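Shared between the two complexes below is chain A, which pairs with chain B and chain C, respectively.
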Partner chain A sequence: MYDAVVPRLLVIEDGNEYEEFATLFLADRFEVVAVHSAAEALEAAPGTDAMLIDLRFERARDEDLLGDAGEAAARLFAGDLERARRWLKEQQGTLILGALREAGHDQPAVFVHDFPPRRLANLARLYGRVGAVPTFDAAAIVRTLESLA
Partner chain B sequence: MSSMRRHPLSLVLAFALAPLGLAACAGTEPVDGGLSGASQWAAARALWHIDRDPAAYRAWIEIDPATPEGREAHRLLAEAEPHYRRGIERVRGGDPEARESFERAVRIAPMDPVLYLPLARAFRDQGRADTDNPHLFIRAAEYYRKFIALVPHDPRTEEARAELAEIDPEGSRLFAPPGEVGEAASQPLPAPQEVATWPLWVAVAALALAVAAIGLLLWRSRERLESLDSLAERKPELHPAIHYLVSSLRHELLKHRIGAVGSAVDALREGRASEAQIEFLRGRLYGGEPLTDAWHGHLAAFRRALGPELDLHRADKHFRAGGRAIEAIAKLEKRLAAGDARAFEKLSTAHATLRELDKRLGQLAQRLVRTSVDGALFRDVVDAVRGEYAAGAVQLDEVVIRSPEPAPFVEVFRVDLVLVLKNVVRNAILAVASEEPPRRIGLDVDTHVELTGEETVRIHVRDTCPQELTTEDIYARRMSRGLGLVTAALSRYDGAIQVEPADGEWAKSVVVRFFRAYDEE
Partner chain C sequence: MTRDEATRLAHDVGKYVARIARNAPAEGPFPAALVPMLVKDLYALPGGKRASERFVELAPDEVAMAPLHAALTEIDALEERVRAGDDEACRRACVRALEVEAALRAYAREAR
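What follows is the complex of A and B.
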């Protein structure tokens, strides 16, 4: 993946903190492409080499969210639709990754989140090349992406 | 072993392991062979779960394994044993949380007395490694004595006596083999057998009381200046509040302001930070609310919620170190702006201290709200419900309990999970009461992986009552059937309850679902 002239990093988040971080600390390794929803991510994914994904999309609009809030409310939250919507926002990054994989985009993906090992293993089983770093650490992000390449 | 001094392991374990040693060590007569299997099993269970008699193991193991009660007894003993062994390994490794394994095991079944020997040795070895902590040798001696008393004919008893003599030469004489007692009796001393025993027992009892009193005093003095871990240990009812406060501190300060600048701190220290990176660091550390105000604001929130006497800065060394690191960072602003290399080093050190605090708080938050969904939990629930007047009067033909190994954990305080399950189990028992035999209920658990990588733990309460029950019925009846508390708890813990249809063996299953908690082992 690093044979290209400048690898392209797809940054997927609901705000601009990841983009700011990537521009400051990863710009020497990647061209940064930032998007803010599943739809934008699916559009921008072709031609990118790696993904840096925010897990929580608390600022996203309900209509931009992936996932069925009604089904989640009935099955997981005792009918609480509001809580189900909140859960979809809190976990939106993984659902967007699922949609990208379903669309055939299998680039290495890294979350900035301290996932427990078992959950990270579940994500890897579901979505292939997935890694995580517990905090904003440019060197660790690069190392993780390289290990997944 | 310094961590053992921080957490007074010997005292904490004294409480956790008390069930292993409260009763007399001289052995207990086997349960009356004339009792029926069910009565014998009930008596054996009472011997452990009520009396906490360490000799209960013998009563359990002697129940005929060809009977259903015997199979259950032997299965539970086998289920408990790995937890006891794990606990011993954790003591051997100096793990201050070793009691968790013992607490889990104690809820299931008594400990095989032969394990007192490795337990004694584990404490002895820790005592040798941590010579400042005499409690470890006291514990070791106690377990050596129990081993010798409960399994006097074990081939290793002589070794145990010798090892006990090494750490407690005086006390070990009490446990000399009969031959040596006989030799002592042959000496020209007046009435040796009679004077040799009871005064020594009294002396040992007095010594034990003195040790307990000193321990209690130490414990109470620590109580006045306790760490957050200690407060959480002592007051489970505060777990939700502590969890919320810790999570807020971690998210708002330690992650977004401190954690976020890790790469910039490294770049500064290594002399390769760009202007933009320095500006980013300055914004996070010195922009907006001053770091010290934010820190003290969080500490004040802890005091407001947990009590004005909780002075974390004074009583908790990790918070004290964190506070100093925050103060240090706050004072570095001008020196950092001036490019002072020593300031970069100081910033790096303070940053590492706060990252360590964040890590510790993360571990604490995880620990507070985790319950193992295992056979012991299910049995506690069924026993509690069967102890009630109405549900206890129902003639059940079978209670089937199944649990996987390892058991999954959920992020629900145990007391609340028991409350939820008691309600569901009570309703199942009362439902089958009106039906013809066979009347059966069952409890089991499985897990399901969600698309988010999370897992849900599904606790099934099954019954043989053919009357239809829907999920809507449960919510509609919640006020009249005690399920209001259930739905409130489900809401608090992101749980759900659903009715699933028959699967052949059962008429229906009420499924209580929670998210799985990770990092259980």
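What follows is the complex of A and C.
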């Protein structure tokens, strides 16, 4: 499945719920590496083999968010900065994945989120090997990562 | 239910309430190692609130929500036994948590 002897799973989230879950249910398949921001993800990505990404970073500090709220407000929300900040948090996982892809990190990535099929297809078109599972289902996450490898 | 309400409920309650319930082994004694995270799923969601508390905060006042409220109320009633790792209580709480998760996910899909 992966080149590494013990594949490394990069867990990207704003809290610790994904890390807890991965440590309990995925540690027999992966060495778990957890990070909590785009900057940390970009630093940790080299040497990892797959990614498990949270979509919404509602607990993240504004200064840790990837993206320009002012630019998003002007482009998407008629200047409404508060809505733009909320949008940045709600979409932070995809923004971080975009930054990782731009930096050349093309590992298979899985979100735990119930994306509408068209949205998931769009993410795959933009970011390559991307999948999603709707719930914290360890077997489904492994299957999805394997299908993307 | 509005799309925002349904999405928020599915994320804040549905997604996290069944982390352990969905992955616990189906047979045999309920593993003691899973009890601390089951307790978090049910009684201390991200943000620290009980699943039932967060549900009450977010759920619209609709008849359709009553069975979910009942499921979460039952989960609350099991708390002492769940915290003690009682096998029957943990299993029953998992069944109810999966029902809540599935229903909230279905509502979120309908509301899209």
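What to note about this one:
FYI, the second predicted complex is superposed on the first by the 147 of 149 C-alpha atoms of A that agree within 3 Å, B and C clash if a C-alpha of one lies under 4 Å from a C-alpha of the other, contacts with A are read in each partner's own complex, and residues count from 1 in each chain.
Assume a contact is a pair of C-beta atoms (placed from the backbone, for glycine too) under 8 Å apart; a residue touches a chain by one contact, two chains touch by 3 or more.
Note that the structure is predicted; figures quoted are calculated from it, not measured.
With the two structures aligned on chain A, chain B clashes with chain C. Judged by the touch definition given at the top, the superposed model places A:R56 against chain C, while chain B stays out of reach. Once chain A of one complex is fitted onto chain A of the other, the partner contacts of A:V6 are absent, as it touches neither chain B nor chain C. In the superposition on chain A, A:R75 makes contact with chain B only, while chain C stays out of contact range. When the two complexes are overlaid on their common chain A, residue A:D137 makes contact with chain B and with chain C alike. Once the two complexes are overlaid on the shared chain, A:Q91 sits against chain B while remaining clear of chain C. Once the two structures are superposed, chain B and chain C can be ranked by residues of chain A touched, with B on top. In the superposed model, A:F115 lies in contact with chain B only, and not with chain C. Once the two complexes are laid over each other on the shared chain, residue contacts for A:R83 go to chain B alone; chain C is not touched. Once the two complexes are overlaid on the shared chain, A:A39 sits clear of chain B and of chain C alike.
Once the two complexes are overlaid on the shared chain, A:G15 sits against chain C while remaining clear of chain B.
It is stretch 329-337 of chain B, out of 59-67, 131-139, 167-175 or 329-337, that runs into chain C when the two complexes are superposed.
With the contact threshold set out at the top, residues 20-21, 24-25, 114, 116, 135-139 of chain A are in contact with chain B in one structure and with chain C in the other. Those residues of chain B that touch chain A in the shared complex are 255, 259-260, 262-264, 266-267, 274, 276-277, 280, 355, 362, 449, 451-456, 475, 487, 490-491, 494-498, 513, 515, 518-519.
For chain C in complex with chain A, the residues that touch the partner chain are 10-11, 15-16, 18-19, 22-23, 33-34, 37, 40, 46-47, 101, 105, 108-109, 112. The touching residues of chain A, when paired with chain C in their complex, are 15, 17, 20-21, 24-25, 56, 59, 112, 114, 116, 134-139.
Every residue of chain A that touches chain B in the complex is listed here, in rising order: 20-21, 24-25, 74-80, 83, 87, 91, 94-95, 98, 114-120, 122-123, 125-126, 135-139.
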